[in-house]
Structures are given as C-alpha cells and as structure tokens.
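Next come the structures, one after another.
Common to both upcoming complexes is chain A, partnered first by chain B, then by chain C.
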Partner chain A sequence: MKRLLILGLLVALASSAAGASGEEILARLDETMQSNSREVVQKMTLVSAKGQERTRQVQMWSKTDRMLVRFLAPADVAGTGLLSVGDDMWLYLPALGRVRRIAGHAKKGSFMGTDLSYEDMEEFGKTGFAAAYSPELIKMEEEFYLLRLTPRSQDRGYQYLEMKVCRERFLPLRIEYYAPDGSLAKVLTTMDFQEVQGRPTASKLIVEDVAKGSKTILEQLQVDFEPDMDEEIFSTRYLERGR
Partner chain B sequence: MLALSRFITRRPLAILITILALTIFFGLGARQVTMTTNIRDFFPGDHPEVKAYDAIADTFGGTEYIMVATAGEDVFQQESLELIQSLTERLSSIPGVDRVRSLTNVEEVKGTPWGVELGALLEELPQDEEEAAHFRARVLQDDFYAGSVVSRDGKLSLLALELDPQESAVEVADRVLEAIDEDGVYATGAPILNSLLAKSMKEDLSRLIPLVVLLIALVLYLYFHNLWGVLLPFLTVIISTIWTLGAMGLSGRQMTPLNSVMPAILITLGNAYGIHILSRFYDEVKREGRGKAIENTLAAVGTAVLMAGTTTIAGFLSNCTSGIVQMREFGFFTAFGILIAMVISLIFIPAVLLYVKIPDKGASREPGALAKILQRVAQLTAASPEKVIIVALLAAGTLALGIPRLTANSNLFNFFDQSTQPRIAYELVKKSFSGSESLELVVEGDILAPEVLRSIESLQNELEATGLTGKPISIVDVLKRVNMALHDGDPAYKAVPASRELAAQYLLLLEMSDPDFLTRFVTVDYSQARIQAMVKDTSPEGLANLFARVDALTGKYGGKVTTTGMVKLLDALAAMIIRGQIASLILGLIAVFLLVRWLTDSWEGGLLCTLLVALSTAATFGFMGWTGVALDMVTVLISSIGIGVGVDYSVHLYSGYQEARRKGEESAAAAAAAIRQRGNAIVGNAAAVIGGFLIFLFSSFPPLRYFGSLVSFTMFFAAAFSLTLLPALIIAGNRTGSRTVQKGLFQ
Partner chain C sequence: MKKVFCLLACLLLFSLPVGAYGGQLTTKLEVDLESPHELSHATWGRITMADGGAYLSLFFRQGDELDWQLDEAYVDLRQGGLDLRLGKQRIPWGTALQINPTDVLNPIDVADPMGDRLPIWALLADYYLPGDWKITGVYIPYLQPAQEILPTTPPLKVPLPDKTFANGEYALKATRFGLGSFDFSLSYFNGWERFPHPGGFRPLEAFGLDLIGTVGDVGLWAEAQLAKPSPGEDFLHFIVGGDYRLDRGLYLAAQYYYRDGEDYLQGALEKDLGLHKFKLGALYNLDQETFALMPSVVFSLADATSFTAGIRYIHGDNLGMPGLDKAGKWGYGELEYRF
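Moving on to the complex of A and B:
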C-alpha cells in the first residue's frame, strides 16, 4: 500500500514536472490566438480535386461576434460583402445593388466556399477551441504537444480532433478533424509564423478535405490585431455602400 | 503422323499423366475466372471515348446512374412520400452511391422574403390533404421537377442515384437491388442491367451447358453405341474447356456476355475430332492390333482432323483484329480451346485406346434413307450442274440482298425480353421520364460571360427541340433560377444574368450555401460547364440520329464541346462491332483460303471452298438484315464460326473429290462419288453442330437465341452448299475448262 502511494506520488510529480495539462495548453493556445478585434487581408486559393484553382482576395474586420467581409478580387466579385452579427448573416451583391439575408443554417456550411466551415473558422481567434472541446494531452514531444479534443456537444460534426500544439508559440501546427464515423475528414496545417504586434501568428493555413480531395490555401497578406475601426461598419447600411 | 503415333504407342502412360496434371493445373486457374458485364471493359483503356468519359467523371462527378422508380396512384399521397423519403435515406447510405436526387430531397433555389437560399424542395412531409395538394400543384407546374423527379401525371416518382466513379457500378447495383424490396419499386439503368445480366447469364449457362452436353452425349451414343465412344470425345471437350477457362483465369481474363457462349461452342465443336479418330480406329482395330490400328487411324484421318481444326482456329483467330477487347479475347481463347481439343483428340484418345476394352461391333451401319437422298443429290448435280448453280446462287443472292439492312446494337437492354422485370423498369422510366442514360456535353470557354451563357442556353434549347432528349440541365438553369429568385420571383428575370459580375456573384452566393452543389455544373475555375440531358431513345438508330444532331448543334456553338456519356460509349461500341466484323471477315476468308489451298494442294479447292463459305456467311448476314436481327455482342460471333467451321464441309467434299480423281474418275463422276461417300459424314457432323447450337433456343436471352439459330442457319447453308453448289461448280468449271482447251487445240 505504502509503495503504491509512493508510486502514485511519483507519477503525479512526473507529469506535473513535464508541463501543463491538456486544459492549460488549450487555454494558452486560445489566449494566443484570440483577439478582441482584428483586420485581415487574406488571399484564398481553392484547389479542386482535379487541380483547378480559383483565387479570391478578401478584407475582413471582426470584433466580438461581428464580422464584415469584403471581396477585393477577382474583379467580377469585387465589392461583394458579407456581414455576420451573431447568428444572422447578410450578403451584398454589388451587381444586384441589394443586401440579402442568408439563412441562419449557412453557418454550418462552408466558410465562403472554402474547405473550412464557419464554425471551424471561428474557433481560430474568435470563439476559441476550449469552448467547444474538452482536451486530453496524449503525447509530448520536444517541439509540440499532441492534444485530443473531444466535442462538448453532439452537434459539432466531428468525433474528435487531434491537434499538434507548438510548444514555443502555443499555436496549432496541425489539426486532424475526424468525422463521426471515425475517418479522417480534414487536415489543417499552419506555416509561415510571424510576430505581429507582439503576438505570434501563422500567416498561412492549408486545409485539405481528405474525402473530396480538394484543398484551400489561406494566406494572410496583412493583419492588424489593434485596428482602428468604426462600430458602424457592422451594419447593413454600411454593407450596402459597397466600399 | 507416323512419328506421332510411334510417340503415343511408346509413351501412353506419360502422356496420360501429363494431361491429367495439366488439367488439374488449369482447373485451379479456371476457378479464378469471374464475370464482368461492364461496358467499359469492352474498350481498350486508351480508347478516346473511354478517356472522354473518365475525364468528365473526374471533373464533374459520376455520369453513371441507377434509376429507382416508385409507381402508384399518386406520389403526393402521404404513404408514397414516406416511401420516397425512406428510399432516399436508405439508398443514400449505400457505399458507392454519391448522391440521391428525389422528390423529397431535391434542392430548390428559394427566393425567401429576405433573400435566396438553396434548400430542399420539400422541407417537411405535408401534414394534410390540403398541404399535399398544394405541394403537388407546385411541383407539377415546375418543369425543373415534373418529368425529372416526378412524372408529369404525378403517378411515378424517380430517384436518380449518382454513382461514385471510383466504385464498381455493378457492385453498387447489387447493393441497391438488395436494399429495395417493396412492391411497385423498380430499379433500372445500365449498372442494374449489368448486374442482373451477369447473374442471369450465369444461371442461363448453367442450364444450357448441361443440355448441350446431354445432346452431344446422345449423338455420340447413337453413333458409337458404346461407353468409350461417348466418354472419349466427351473427355476431350471437357479437358479443352477446363484448359481454356484455366488459361483465362491464370491470365486474369473475365467472362463476359460475349464469351459466355465459349464453353458451349467448345463442347459442340470440339468433339468432332474425337469422332473422326474413334470411328476410324474401330474400323481399323477389326483388322489390326491396337498399335497398328492407331498408326493407320492417324495416317488416314490425322490430316482431316488437322484440316478441320486449323480452319476453325483461323476462323476464331480472325476476331483478334477487333477493336473490342472482349472480341479479341473471345477469338483468342476459343481458338486456343479448339487447338487443345484437336491436340487432345490426336494424342489423348489414341493413348487411352491402348488401354480400354474394345467393343466387338464397330460402327457399321446399313445404308439408310440418308444414303438414298445423297445418291439422288449426286445424280441431280452430275446431270445438270448449271441448274443447281442457278438455284443455289438465287437463294444465296436473295438472302444477301438483305445485307444493307443489317444493323448493329450494343444496347444491353436487348439482352432482356420485353416481359422481364429489368425491361419493364427500363420502359417505364423511358416512357414517364426522359430515360435512364445521360448525354453529357462539356462546353469550354469563359463560362460566366453572358454571351457564353446565352450560347449554352441556345444549345440547350435546340437540343431539347430535337425531341430526342429530356430537358437539358446546366449552370444556366441554376443562374436563371437565382436571378428570378433575387428579383422577387419576377418571371421576367428567369433569364441569363445580364453581366458577368452578376453571374459570378450569384455563384458566390450559392457556394456559401453549399459549395458542393455547383461542382456538378461547372469547374472551380469556371472554364468548363456541363450540360446533361437524359436520352429518350437508346436504340442504335436513335443514338446515331441523336449524335448527328448533337454534332450539328455543337458545331454551331462557338467554343469547344466534348460529347460523352454512357450512350456515347454504346454508340462507339456499335461502330466497333461493325468495323471489327468487316475486318475479321476479310481476314478469316484470306486465312481459310490459304489454309485450304495448302491442305488440298489445289488453287481450285482453295478458291471454291472459300467462295462457298463466303456465300453462306453472306446469306446469313442477309437473313439477319431481312429479319431485323441486329449484330450485337453475341450475334457478331456467327461469321467467325460460320467461316471456320462451315468451310470444313466443303473441304471434306473437295478432298473426297480429289480422292476419287486420284482413283481415275473423271470430274462429274468424282464429284458424284464425293457426295455419296462424304455426304454421310458432312450431314452427320452438321446435324450435331446444328443440334448443339439450337440448344441456345432455350436461353432466356434473345441475343443467345438469335446466336444459336443463326449459327445453325449458317451451318445448314454451308453443309447444303457443300453437297450441291460445290460439286456443281466443280463439274461446270471442268467442262468449261476442257472446252477452252479443246477450242485451243482445234484452232
């Protein structure tokens, strides 16, 4: 009995000495990525399974639960805007000259035609991962922690995630999304790390949809974590102005 | 032949053991043979039509469909809708089914009070009569749905299952057939037919082959009246069939509807060589010891067996020029089987004969009715060869006039009788919907440009105006719907978006709702769009007509258009059948001519025998033209059998004529003697072959029935011409020949 106690103690000591728990790691990761507001210029390249490409460039402003996206390129969609406030979404098509509301369940769908869903997207820097997943530390390497994230609610759409967290910057290096049937659905990889306004950030993300064979490359061309923006931009009135 | 008989008499046991060992070896290989009915397997992998077909599947998703129809009084009734919903869910979950499009899940571009979204046409099942009636009215007046997911009279609904191009369509079809067990639910489409075809063909053959075997056994028994006389020719064909199937299995080949007739062919044709050898041996053994009797037998009939065998092999090998993979394989492996049957007859049968008990009485028979008829034929031919020639040529000529009417048909639907379940489902879908096979057009260009969209629109309109397809669907229809929905449902806006920006922004909007929705209409880079239309008439004429119209229409369209789809493959296959047939006919005739020239050592013999077999083949094709029987994947085989086997009779007769000439008879008497002496064997052999092939009349597949009767028809002609036209030609030819000589002498 005594021996067992000592053994237990040793184990506990060892694990604490090795570093943080899954919860702590995930909390630090969310903290690193979350920002109250930001302004980003992003290039999105969609690559189909056959290798055909389509590139779009957008400018995004976000603050708490509000987001405004404005398409910059290609020319035929330039000026198209997307506003999301809470669960509501509006779209402005300049060629039509009108703002239209999009159904609420669009949030479950693809984020602007990419291989990421809105929910996937929002976990990066907005809602964070800890709110939706309970983490478990399954491995520790010199460079990274390996976390297994299990959804807190049934409707999250994944069975679990496996995330490699960079030990130095507390940013995700690679996330594997597993479908409800246990098969690998998507793989997200981050690269080109930078320091912006004192915050580490990955300026390139690649998301591969394993089942479809398609791929999305997201490149941050500009990022500002302390943008100077008017609250007014998160309104349909502003959306309709087109610029 | 002498060396061969010495070898056999010295080492009979070694021969028997070797053959047994090889049979076991090939028998194990034969177990690996599987059956395929997939149309694509008929093409070489690098065929341009297959490449085009695969390319569109790669870019836009599957183009192979399984159609499931539900029939009832009114599909909008609660129960019917529940059935459709349950089928939709059940079928969607089948591995290999990419998408199911049905009344209960079809997308609708909805103009909502505040915008537009892609949603389900039917979000919830109607709760009462009123809701059902409202839903019914909404669907039936919309030509996007009426005629595609619901028949225009509302009595049938259609579930279109889009298949994963990576999966075997036939396996998916098996799973689909397993998943539906309700009454009034029908499945059709090429994969379903392929699956049913593979299954019923196996059943059919396992019924037919025993019948063929039984018939041949009966013929053999009637001929020899003893056990070994039945057993030995029989073992020969069994061994050759096992070796052939084994060779197919070991080289990874598959059975197809086309070569499924091969075992029956081998059994029917392969035993003739054994009969030849046995009947001579029984004659010889009355006078000599066994060893000597074998030597004499092989010396006497060995060459005849070689003659019959090599021409038959040449006939089958002539299929190897075909562009159709399965034709080449059929030709090659059947020739291989015949070769084995010939070799086994020459080696195995004599080796066994050294051991078995010899019956006292041989095959000695009284001259019967047949001999009397032959005697009469001989007299008639010798007396007035010109009359015989005129009558025979008139008969063959009249039949041959039907050749221009000959058609080719590669449609698998023809394998099923009108009254069978798969055919009923096929006709049902064809009648109430546009059809179950799709025509796919891939247009290239700057798709979003209004002028390009408008030319796609007019291409579609003109295609629909031909009346040969259902309503074509493309990105244009999607854009028109969004345009209207975003203009508060104003029908004036059910048109191509006015600017490229508008089109691009509409698509962006749809993508946000469901990025996968667009992938089947347009490529990610908007450089290619797909137009899909269901084809109403998949008969060869219907397809030829359709593609002629489509070619004219696509020629008018500014940019590049690729036409493909399963129907295009069917059409290409029909063309290949005809082309392959012509090439193999010519090649077969040349090969037969050279062989007969060599075997009879006579130019006259080579020419006459080839002419005869060409005539009987022409008569058969003409007969097909007159009766409207199409050349399809099975009936296409008749000419190679007709040539290779049919020529045996004329070679037989001609060598009888030569034998009589060597004995000093003049030509007319020699020809008459040949009819009398060889007629018996010719009639006997032809009767056995015709009997064997007539068994195919018991098949449940129309093409196999046609095949059986047509081969019988050719054999009848070949045998009849050999006994009448050939001797008449010999006699007439020699008369004119000698007259010319005389004229020359007197000048």
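Moving on to the complex of A and C:
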C-alpha cells in the first residue's frame, strides 16, 4: 500500500513536471525568438507544385504588437505595404494609391502569396506561440523536445501543432501544422542557425503546403534586433508613402 | 508644346540614376466573339522616376498612333504633422471596390472608363493630428474635365470656365483611423462637374461619407455622396459592401450600389491557383435586368510578368456603367511587364 502511494505520488509529480516543462520550454522558445523590436530584409522564394519559382524581397519592421512590411521587389509588387497594429491591419497598394483597412479574415489568408498565413508570420517573433497555444511535452530526445501545441481559442486555423524544439538553442527545428480535420496541412523547417547580436536565429525557413504541394523558402538577408527606428513608421501616414 | 514638354520630361528622366526608374508595359489584343474578324489591339505603359520627394511619370498609348502624355509629376514636402504634395497627381478617395462615389476629384479617362482616373494639377495637404485623425485639404486651380464635348450631332465643344482664382476648386476631408475596428471619413467638394451639361459645365457641391471596418472576420464598407449641381437637382450615390476570405485562397466580395434611381449588385471572386489566379467580376442592374460577367485567369509567367486571358460578356445595352454600356461578348489577352 505504501509502495502504491509512493508510486502514485511519483506518477503525479512526473506528469505535473512534464506539463510544467512544456510551458517552460515554450516560454523559453518565445523568449529566444521574440525581441522588443527588429528589422529584417528577407528573400521569399515561392515554389509551385510544378516547380516554377517566383522571388520576392521584403523589408519588415516589428515592435511589440506592431508590424510594417514593405515589398522591395519584384516591380509588380514593389511598394506594396502592410501595417498591422494589434488586431487592425491596413494595406497600401501603389496601383490604388491609398491605404485601405483590411478585414480580420485576411489574417488567416496567405501572407503575400506565401504558404504562411499572417497569423503564422506573427507567431514567428512578434506575438510568440505561448499566447495562442497550450503546450504539452510529448517526447524528449537528446537533440530536441517534441511539443504538441493545442490552440487556446477556437478561431485558430489549426487543430494542433507538433513542434520539435532544439534543446541547445531553444528554437523550433520543425513545426507540423494539422488542419481542423486532423490532416497534416503544412510543415515548417528551420535551418542555417546563426548568432546575431547575441541571439540565436534561423536564417532560413522552408514552409511546405502538403495539400497544394507548394513550398516557400524564406531567407533572411539582413536582421537587426536593435534597430534605430522611428515609432512613426507604424502609422497609416508612413504606410501611405509607399511609392 | 506638349511634345516639347514630354521631350524635356524624357531628358529629365534619363539624366537620373538607374535605380530611380520604373515602369510598366502592357499590350492587349481583344476580339469581338460575335464578329471574330473584328480585332482590336492597344499597347500602353508608363515610365516612372522617383527620387527623394519628387515623382515623375510619363504615360503612352499606342492605338492608331503613338500618344505620349505627362501622367503624374509632383513634389512632396513634409514638415511636422503636415504632408504637402504639389503637382499633377491622383487623389483617390473612397473605401468601396472599383466604384467610389466619393472619388470626385480626378476625372474618368473616357478612353478607359474602368481604368485609372486621370491625374490633375492640384495642391494636396494632409495634416495628421493626435488620436489618429487626418485632415485633408485640396486646392485645384482650374477645372480639368473628363471631356469637353457634348455627345450631340455634330458633337459640341463646351467652353471651360475661365481660369480665375474664383473658379478654382477646393475639397476638405476629415478621416479618423481606428475608431473601434472602423475608419471613417467625411468630405466636402466645391468645384465643377467633370462632364459638360447642355448649358455648360455646372458648379457642383458634393458631400461625402465613407467608412470601412471589420466585424469578426468579415470586412464591411459603405460610401455615399450627395451631389448638388447648380442649376439642377440633387442626386445621391451610395454603396455598401463586404468581403470574406475562405480557406484555400478563395476571396469573395459583394456590393450594393445605388446611383440616382438605379440599383446595382456587384460581386467579385478570386481564387488562388498556385502562382496564378482566377478572377470573376459580375455586375447586375436590378432595374434594367441587364448584367455583365467578366471571368479571367491571370497567369504569372515570370517575376513581374503576367498574361491575363479573359472574357467580357455584357447582356443588354442599358447597364448604365461607363465602359460597359454596349451588349456583346469579347475575349481578350493582355500581357503585362513591370520593371
């Protein structure tokens, strides 16, 4: 009876430690990936299911809950800008010549033609994962932790995520996104790890849309975690100066 | 004089650093599907230059002959909360899709009524106030109409108002961004109608209101204009609409448009097809029971190069929308390159 009690206590402790460590791992991951502000120049290569490629270059600035994205190339999208402040989003299209607010559904749509949604992009470095997902540690290997992330609210576009977290750097190595019907929707893989201003960062991400067969390769050409930027850039006024 | 001006603009363009240039070249072939021997072809484009606060754009169109025009040419000046733009420019107003009742400043291009509006010489001042307010003032020194001809037999040229300070136009607009999940604007215009009236160009006052926002995941907008020509009866335009994006890249938008006694429904659908895109535009005149359907597929051929293949089907002659007022079926292919 005494043995049974001790065994039960150990099981309870172990399961509570595993739950807590899932939260801890995700908190540590968010801490590693998030920064108060950042400025990134990124090359995006969109690869269709048939292997055709299109490239885009964007510049992104982010600070707390604000993000500004400006397309630099190619010419048909250059000047296009997107401003996100909390839940509000505005788009500037040079052809329209004006800033236009866009609706909440846009966050679930493709981020500028890539295989990532706006929500996916925001989780990477801006809002983090812990705010949106409840983690559970399901495996611990020498190189990585495997977490299952369950959305905290129903309005998330996924049923759950499975994330491999690098034990050494506390960065995601691979994330599998599962659709509401339980099928595998997307796979994100990170690579080319570097230390920038004392912070580990992945300079290359590959996102594969399993259903469409398409792929997006994101390469960081420049990254600055301590940019000297004017607060005014996160405004519709600045967005309108897109040309 | 126009040729000399364009030559000077070209010299200015080509004296600037290479990185400052850009442009667009589009060529379109259209066939009347009811008379397949009737082909029409047009090529047009822009050469643009942006350097610091200056912007210059030349527009050309090759129809029966090559026509060059100064498109936009302006300088931007910024001081504190004030942004000034002086020169030939577009000042697009409104929140609805394609049809904007409050977009009263730039005239319609009668050669391409569904395309970009024509730039005008104007001074634009935007003043940004704390609390996400923007106050806009516009001064337009003289009437720059869509056309000066009355469609009589024979066509009659209508004289423009004298270019005096008193005949200048002005507009004011107040915009509030982020009031809840909506942006609102109120506007006022005092100037002239853009199309002539049998008695000449009529003075016009117009009051506008627009808003755009989001409720849940649905985008909503509304836009209205009350126009008061003198002499003449007041008329009202308004539009209400919404949009939604479904999973897998399907975008839907719909609008109801009222214009001076006529009611329209407009719909748009876009579906991502990998790097390519399918689009469907539809417009239905509820009073005349006429409609237009405009499906197209945009093929991405390479970075900054696309080919659009589409059909324009118009049922009935009384649709009452510029550029869509003749019944028929047309097919077209359009190649566009941007640099």
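What we mean here is this: the second predicted complex is superposed on the first by the 224 of 243 C-alpha atoms of A that agree within 3 Å, B and C clash if a C-alpha of one lies under 4 Å from a C-alpha of the other, contacts with A are read in each partner's own complex, and residues count from 1 in each chain.
By definition in this document, contacts are C-beta pairs under 8 Å (C-beta built on N, C-alpha and C of every residue); 3 or more make two chains touch, one makes a residue touch a chain.
Model, not experiment: these values are computed from the prediction.
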item	value
Simultaneous placement of chain C and chain B on chain A, clash or fit	clash
Partner chain in contact with A:Val196 - chain B first, chain C second, else both or neither	neither
Touched partner set for A:Arg237, first chain B, second chain C, both or neither	second
First (chain B), second (chain C), both or neither touched by A:Leu91	first
Contacts of A:Gln52 with chain B and chain C, given as first, second, both or neither	both
First (chain B), second (chain C), both or neither touched by A:Ser110	both
Broader residue contact with chain A after superposition on the shared chain, chain B or chain C	C
First, second, both or neither for A:Met60, with chain B first and chain C second	neither
First (chain B), second (chain C), both or neither touched by A:Asp76	both
Part of chain B, among the options 489-497, 543-551 or 597-605, whose backbone runs into chain C after overlay	489-497
Residues of chain A that lie at the interface with chain B and also at the interface with chain C	46, 48-50, 52, 54, 74-76, 95-96, 98, 100-103, 106, 109-110, 113, 212
Interfacial residue positions of chain A with respect to chain B in the complex	46-50, 52-54, 71, 74-77, 80, 82, 91, 93-96, 98, 100-103, 106, 109-110, 112-114, 212
Of chain A, residues touching chain C in the complex	46, 48-50, 52, 54-55, 73-76, 78, 85, 87-88, 90, 95-98, 100-106, 108-110, 113, 155, 157, 211-212, 214, 235-237, 241, 243
List of chain C residues in touch with chain A within their complex	22, 24, 50, 55, 76, 83, 90, 92-93, 95, 116, 126, 128, 132, 134, 177-178, 181-183, 212-214, 216-220, 243-245, 247-249, 251, 272, 274-275, 300, 302-306, 336, 338-339
Complex contact set, residues of chain B against chain A	58-59, 112, 114-117, 119, 448, 486, 497, 499-506, 508-509, 511-516, 519, 523-527
